[in-house]
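The same chain A turns up in both complexes below, where it pairs with chain B and then with chain C.
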Partner chain A sequence: MQQVLVQPQEDTLQRRVRLAPRSRWPDVLVRLFVKACGGFVLLTTILLIGFLARTGLAGMGEVGIWSLLFGPRWKPESQLYGGLPLILGTFVSALGAAAMGATPAVLAAVWLTEFAPKPLRGFYRRLMEIAAAIPSVVYGWLALTHLVPVMGAFAHAIYGDDSNVGGEGLASSAVLLSVMIAPTVLLLSVDALSRVPYNLREASAALGASPWQTGFRVVMPYAWRGLLVAVFFGFARAAGETMAVQMVIGGARVIPANLFRPTTTISSQIVMDMQNARPGTPADDALFSMALILLIVSIAVVLVTRMLSRPVRA
Partner chain B sequence: MKHSAAVDSLRRGRSRERLLKGLLGIASMSLALTYAVALAHLVLRGGAKLFSFTSYAYPLSDIEGEGLMRAVVAACLLGAVAWGASSIVRALLERTYGSSRRVDTVSQFFVASVAILGALLLRDRLPRFLVSFPSETTAGGGVGPEIFNTIYFAVLSTAVTLPVGVGAAVYLARFARSARFVSALRTALDTLASLPSIVYGLFGFLVFVVEMKAGYSLFAGAFVLSLLNLPLVVGITEESLRAVPRELEDASLALGATQVETVRHITLPYAWPGILSALVLSIGRVFAESAPLIMTAGTTVSRTNAYSLSPFRGGETLAVHLWYVNSSGLSPDKADVSAGTAAVLIALIALTNMLAARLALYGGALGSRLTKATR
Partner chain C sequence: MLVRSELISLAFFLALGAALGCDKTPPPEGTAGTASTQAALAPVSDGPIRVSGSSALQPLVNAAKEKFEAQNKGASVEVSAGGSKKGLVDVASGAVQIGDSDIFAAPDQKNLVDHKVAVVGFAAMANKGPYNAKITSLGMDQIAKIFTGDIKNWKDVGGGSQPIVVINRAPASGTRTVFGNVVLGGDKFVESQTEDNSGALVAKLKQTQGAISYLALSFKDDDLLTLSIKIGPDTMDPTAETITQGKYPVWSYEHMYTKGEATGGAKRFLDFVLSPDFQTTTLPSVKGFIPITAMKVQRDKD
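After this line comes the complex of A and B, so read on.
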């Protein structure tokens, strides 16, 4: 999903191509068509942001940005539009997922590129590619049937017979998201680690470092940008994930007292409320405002990632 | 890598590091094992559901297109089995006699005839789960319309993604003139790539359901999905277009071909495997995505036009169905239905990947021929 972000430079080929004869009429049509494709992409992006910003800003005007960011309770039926539970839910579960899922993934990537036996590597990679291709709804269903009961037992072991706590909540969603993002983070980290020049490893070994020292003090520091990009990518995916989280988070629209009580996230609340939405009402516009907040955050994350992944000029 | 053995032997003595390395290895392997177990669970549990079928001889209902749909499912099932068998036999034959054209023709004929035979014979004896309608409150619901919708979505969204994505990539890689337009386009693509899928769903909802008052439709869902896939397709296609060797294009231009002719006959065929892999990735996302579809194509299947080819009706896909059954379904065999749906979904994704590997072989032939010619 990483794209090449390098500005195209006019090379000799392109200059020569430009001098090539272009009188025949299909040429003009094809040129027009490819340019129109580019225009289409640009136009739809502008439309997308424009539509969302229009409705979202209308919602912010009606409800007030202070309430959307810091209000403690989301209850559109009685004109309460407090977005804090949604924002907290999204951030806590995504941060938990990044911590629990990305750390093992990055370590496993180091093991895979530096220490793993060679015949194992291709197989391991293949398995992780398949795991990354499993639809998120399937992960959600697996978590609903297998993870939630375990977490429920865990919660009752900690809090005793409190009937408010259970398997549904931030803890379950963070674990689920960490399982979901780990394969992607691992694959991206492996890519970053295998871009480290082999000379560096040889030089490190020649200086007397063990493979362990080479792996953790030479290769990892060299690839830190790529590793950070992988983790950020995982975080962005976890924050934007909708259906799987909706299945395990419980759906209570309040700030939870602990990690084992039901709560909600921005995206799952959007999905739940959009099913019986009435366009144009403040309740609906407030949802779009929350989506706008999510959009701004994810664009910011991508901008930071882009800044980090820009190639270093030596 | 040839040095690592020597490096290892230098440092055998460090027992603490060896211990740490072993621990890291065990941790990584158990991580992989988790996913392997989950996959095996999905396949076994879902497979059990798929094959615990009761055969039934009569049509379930008089829905338009239902018979055709069943014939196609039967043909695909038997055809896939025949394909597997014939490729094993062919590999064995090639090992002993070498490859021959006649074996290829015979095996293709065999696969096709078995598929047709299956369509005729097996049509009324299919696993019930694969062809029957979903059921909201009673046990025994299937995913027939969902399978149809999922594949139809892939076709519809590819119909938009392929021309637009490849066109934009060709523009960026070969025809771009205005630097400002290019940088605007790149920013747009980066923005699109960064958005959570639910935002696309909201956009589709606003445009098609609210502004155009068209209601939930497959068309809206497919359009939103193709938007979602555009950055991916443009990125990979542009990368593979840029990887086309310069000499080939130079030679074509030197022979008097115009720039467009060069792109059409040299650059695009050479980059075909890359374009194909982009398309396969995007189809995989179409299969997997659910949040935007709930808001644009709805969560229901109508009995009257479940198999109609009109893109202006609503309909749910397998992924949406899996979510819907678990979040608001009331049927007593929820767990079984979910397992079966997940298994079908994963089988579809695996099948797409296999087909693409095959297509890449055929399409890539021209590329390798070109390389040989210029060497």
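After this line comes the complex of A and C, so read on.
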């Protein structure tokens, strides 16, 4: 409905701009500048990916792709470049976060769009926008001081007082990330659900469906692509998160025995190691290889998201 | 008209692209080039004197910075900590004028000039609790086995039953390198939790039951258990006396490296730190540091 109203207005607006006097010098300069800006951003991105690919591939050549993907031990100072602990750490925390954070977030979005009282909706949305804008270091600091001790006590309750477990590990990082991604996933889900045409709900109600049946059997299935995109986006954000995770993951470069033992992720290990990686050394190149792997994962997620969010024919 | 403006912008674009594209071909050389230009320029300018590296040495450098800035109007020293190896990398790349380190520079870093400014001792420090209340000293091999992960519980070294949580410093740390070399015979630490700063480590040790790590004596804290070392029949406390006499073995020089001979502000600051006045009056008052001149034993490698 909105589109039909807005479309012709845009058309007339464009026509008026085209009719305005043009090709004076200031005009040309401004246009040139704007285009240069556009090109510059594009070029920066291409060069960045190019550089990362070059150094990363060099690293893969030096230490071997097999070791980078499946080696069990990362210790560059002893020429050990096993990337498995880093990759596992990244995936387990991100998957855990997606499971624990995205599920409630999507359901909350359904509740918010279908059942919540009108005045509450706007307030809830603002609150989530604020939560999504909190810097990650704040989340990390809060988790370190409040979540990690609780998780430590929890771990000892499970494994016994005498076991070597603690608050730092995958469990803490997954819980922290789930809290961090929930607002974003919720906001994206609300957007997806709001795009469901209203007449579907009316038709469903006319057939005698209760609001719950409408919400879960009509609205959610119709918006599934958008909801999936929201979850994927949350996963990508969790996989790339650095600062907050580094504060609670512990930083041990081994595959942990359980969720309450310290380990590491790709991004936090890059932060730890870049300090003493001298440019041009295998340690430095291997680190770039891990960065490249992280980038490839992100690109894959973006591509899947794009495929899913292609408009469906109504 | 439309065509002309499009052409102009296209040409501009291609030029921009070509210019940047050329730059792209040798990126490592390019970055190295800018870094060395920076280094060449830095000592000449009278800007702040930038120092980075060892967090063990940081308390002493901060003390020196205060006195130095008070005595020299307009002088400013910027100190950041991030580990000895970072200090060495930073000074070699020209990012800072002075690189602090607990360890000697690598043999291939020949252009770095060493200034030994102090000596500092290191000790194993642990969380205090009822489980280790009776422990004050351990044998060298016991400490080594704790950090290699062979001893996993305080009860195996005479304490109560409590799992030992080893917390490591990051690989860039000089403290880790020195402690590893002297006590473990190399970097044989069990892989475990990692802190990249001494100050943060103290806080972590206090809050983690059963935790143990290794720190410079400048971070000695009454709320932490500082372990003495049993060597043969003797028990050596980590003190200035035992270190200067060569009886307590875990110590290292604190180095301040410059790239080439020190010049300008960096030279003035180093001269100040090495002056008899600073070495004999200020330095001993900073916890954990020992003046170079007091040492009765010497080393030329870690």
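Simple rule for what comes next: the second predicted complex is superposed on the first by the 288 of 314 C-alpha atoms of A that agree within 3 Å, B and C clash if a C-alpha of one lies under 4 Å from a C-alpha of the other, contacts with A are read in each partner's own complex, and residues count from 1 in each chain.
Rule of thumb we're sticking to: a residue touches a chain if its C-beta (ideal position, glycine included) is under 8 Å from a C-beta of that chain, and two chains touch if they have at least 3 such contacts.
Every value quoted in this text rests on a predicted model; they were computed, and no experiment measured them.
Of the two partner chains placed by superposition, chain B and chain C are both touched by A:R31.
Within the superposed three-chain model, A:F51 lies in touch with chain B and with chain C [touch as defined at top].
Using the contact criterion defined above for the overlaid structures, shared-chain residue A:P221 touches neither chain B nor chain C, since it reaches no partner.
By the touch criterion stated above, A:P279 is placed in contact with chain B and with chain C alike.
Once the two complexes are laid over each other on the shared chain, residue contacts for A:P183 go to chain B alone; chain C is not touched. By the touch criterion defined above, A:G250 lies against chain C but remains apart from chain B after alignment on the C-alpha atoms of chain A.
Of the two partner chains placed around the shared chain by superposition, neither chain B nor chain C is touched by A:P197. Contact comparison for chain A: of chain B and chain C, B touches the greater number of residues.
Contacts of A:F40 after superposition on the shared chain: both chain B and chain C are touched. Look at A:P72: by the touch rule set out above, it reaches neither chain B nor chain C.
With the contact threshold set out at the top, residues 22-23, 31, 35-36, 40, 47, 51, 275, 279-280 of chain A are in contact with chain B in one structure and with chain C in the other. Partner chain C is touched in their complex by these residues of chain A: 22-23, 28, 31-32, 35-36, 39-40, 43, 47, 50-51, 54, 73, 75-78, 149, 162-164, 166, 168, 250-254, 262, 272-273, 275-276, 278-280.
By the touch criterion given at the top, residues 1-2, 4-5, 8-9, 12-13, 16-17, 20, 24, 27-28, 31-32, 82-83, 85-86, 89, 152-153, 161-165, 168, 170-172, 187, 191-196, 207-208 of chain C touch chain A in their complex.
By the touch rule above, chain B contacts chain A in their complex via residues 1, 3-4, 7-8, 10-11, 14, 17, 20-21, 24-25, 27-28, 31-32, 34-36, 38-39, 41-42, 163-168, 170-176, 181-186, 188-203, 205-207, 209-210, 227, 230-232, 234-235, 238-239, 242, 246, 249-250, 253, 256-264, 284, 287-291, 294-295, 299, 319-320, 322-323, 326-327, 335, 338, 342, 345-346, 349. Touching chain B in their complex are the following residues of chain A: 1-5, 7-8, 13-14, 16-18, 20-24, 26-27, 30-31, 33-38, 40-42, 44-49, 51-52, 55, 104-105, 107-108, 110-112, 115-116, 118, 124, 127-128, 130-131, 133-138, 140-142, 144-145, 179, 182-183, 198, 202, 205, 208, 210-212, 214, 236, 239-243, 246-247, 267, 270-271, 274-275, 279-280, 288, 291, 294-295, 298-299, 301-302, 306.
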